[in-house]
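Below you'll find the structure I mean.
The first chain written gets the first letter, and so on, giving A, B, C and D; residue counts start at 1 in each chain.
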Amino acid sequence: MGEHLRDHPVTPRTDAEKQAVVNRLKRVEGQVRGIQKMVEEDRYCVDILVQISAINAALKKVGFSIAERHTKHCVSDAVQSGEGEEAIEELMEVMKQFSK
Amino acid sequence: MGEHLRDHPVTPRTDAEKQAVVNRLKRVEGQVRGIQKMVEEDRYCVDILVQISAINAALKKVGFSIAERHTKHCVSDAVQSGEGEEAIEELMEVMKQFSK
Amino acid sequence: MGEHLRDHPVTPRTDAEKQAVVNRLKRVEGQVRGIQKMVEEDRYCVDILVQISAINAALKKVGFSIAERHTKHCVSDAVQSGEGEEAIEELMEVMKQFSK
Amino acid sequence: MGEHLRDHPVTPRTDAEKQAVVNRLKRVEGQVRGIQKMVEEDRYCVDILVQISAINAALKKVGFSIAERHTKHCVSDAVQSGEGEEAIEELMEVMKQFSK
């Protein structure tokens, strides 16, 4: 993890926040299992592709909500203690990967 | 399913083909569970975002291999029986969703 | 050009087809010039980013219409003469780049 | 412009900064004109698509550099004066459009 600024967010996630993200990821997990079943049942390729697109969209949504919280807490905190530069470059780097 | 051309690919997937796709999806499923654990352990946001990007990339790869097989079998078949137009429009529609 | 299957589409574009694509590209060109002006006038970053997103969306639309025509003509032609495999792999390769 | 936080960046771009962005956009403009020529000469579709992908990649790069500057100046400034929330939500909204 050495390439990142830290191991934990500066403001710990509340239990409610964690639960909300985990619930969305559990739904994604269910969708991935759903596609496995579609492949096993030899379902039509285009239907499978539509499902994969839906999962990608769901994951992007989760990712953006994590990025927003990260910016509101970790990055803002870094900015306020005069260490914004590095935190912002790290954020942009990960957004670039994300937007591929 | 009514909006698609059919319910199954014209050339059924072999067991080996199915297994290869299912294996990749099982890995994706494991990655999604991994992120849930990261969230529960309140791990650093950027590390989580990197993992989500990795899953999206893995899913896109699976999707493209399905799209390629689809074009080589279903679409090519449609083209040879003079019904390529509709199959190609359907393919492009799903590729558009996919490239978001 | 050596890495591609050919230098021209199998079915030449009609003048009307060319004109339609060129017109859309001229609009894109105008949008790009518009952003240059916004930068010179030191306009708000987010407004510039919204414009860049709009150009990317417009270019993707042009790209997909070219890809659709390509599949309906060049790829379909290759499929009918038993050389679909290579044409389809080339198509998927370029769609991958496109979806980044 | 009413939907955005302001009309200009808080820290005006220097002439050198403006020139660097404008130069990159002029190159993009040249690339767009290049594609028009390719269409007029009825060049191979895949070659055109490769060029469009290249332009999209170039525009994304410009966009990310603008977003980074925006975050380092406008957003950081808002954070420091206790108005980070709104600036960050605006940033995330535009990054979402951008990552499509």
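What we mean here is this: a contact is a pair of C-beta atoms (placed from the backbone, for glycine too) under 8 Å apart; a residue touches a chain by one contact, two chains touch by 3 or more.
Chain-to-protein mapping (UniProt): A, B, C, D = Transcriptional regulator.
Just so you know, these numbers come straight off a predicted model, no measurement behind them.
Visitor: Among the other chains, which touch chain A (Transcriptional regulator) and chain B (Transcriptional regulator) together?
Guide: For chain A (Transcriptional regulator) paired with chain B (Transcriptional regulator), there are no chains in contact with each.
Visitor: From the mean C-alpha coordinate of chain C (Transcriptional regulator) to that of chain D (Transcriptional regulator), what's the distance rounded to whole Å?
Guide: Roughly 19 Å, centre to centre.
Visitor: Measuring from the mean C-alpha position of chain B (Transcriptional regulator) to the mean C-alpha position of chain D (Transcriptional regulator), what distance in angstrom results?
Guide: Those two chain centres are 30 Å apart.
Visitor: Between chain A (Transcriptional regulator) and chain D (Transcriptional regulator), tell me the centre distance in angstrom, where each centre is the average of that chain's C-alpha atoms.
Guide: So the centre of chain A (Transcriptional regulator) lies 23 Å away from the centre of chain D (Transcriptional regulator).
Visitor: Would you give the residues of chain A (Transcriptional regulator) that are in contact with at least 2 other chains, written as numbers and ranges?
Guide: 60, 67, 91, 98, 100
Visitor: Examine which chains touch each other and state the graph shape they make (line, ring, star, complete, other).
Guide: Looks like a ring, each chain touching just two neighbours.
Visitor: So in the complex, the part of chain B (Transcriptional regulator) that touches chain A (Transcriptional regulator) is made up of which residues?
Guide: 1, 4-9, 12-13, 18, 21-22, 25-26, 28-29, 32-33, 35-36, 39-40, 42-50, 52-53, 55-57, 59-60, 62-63, 66-67, 69-70, 74, 90-91, 94, 97-98, 100
Visitor: Given the complex with chain C (Transcriptional regulator), which residues does chain B (Transcriptional regulator) contribute to the contact?
Guide: 60, 64, 67-68, 71-72, 75-76, 79-80, 84-85, 88-89, 91-92, 95-96, 98-99
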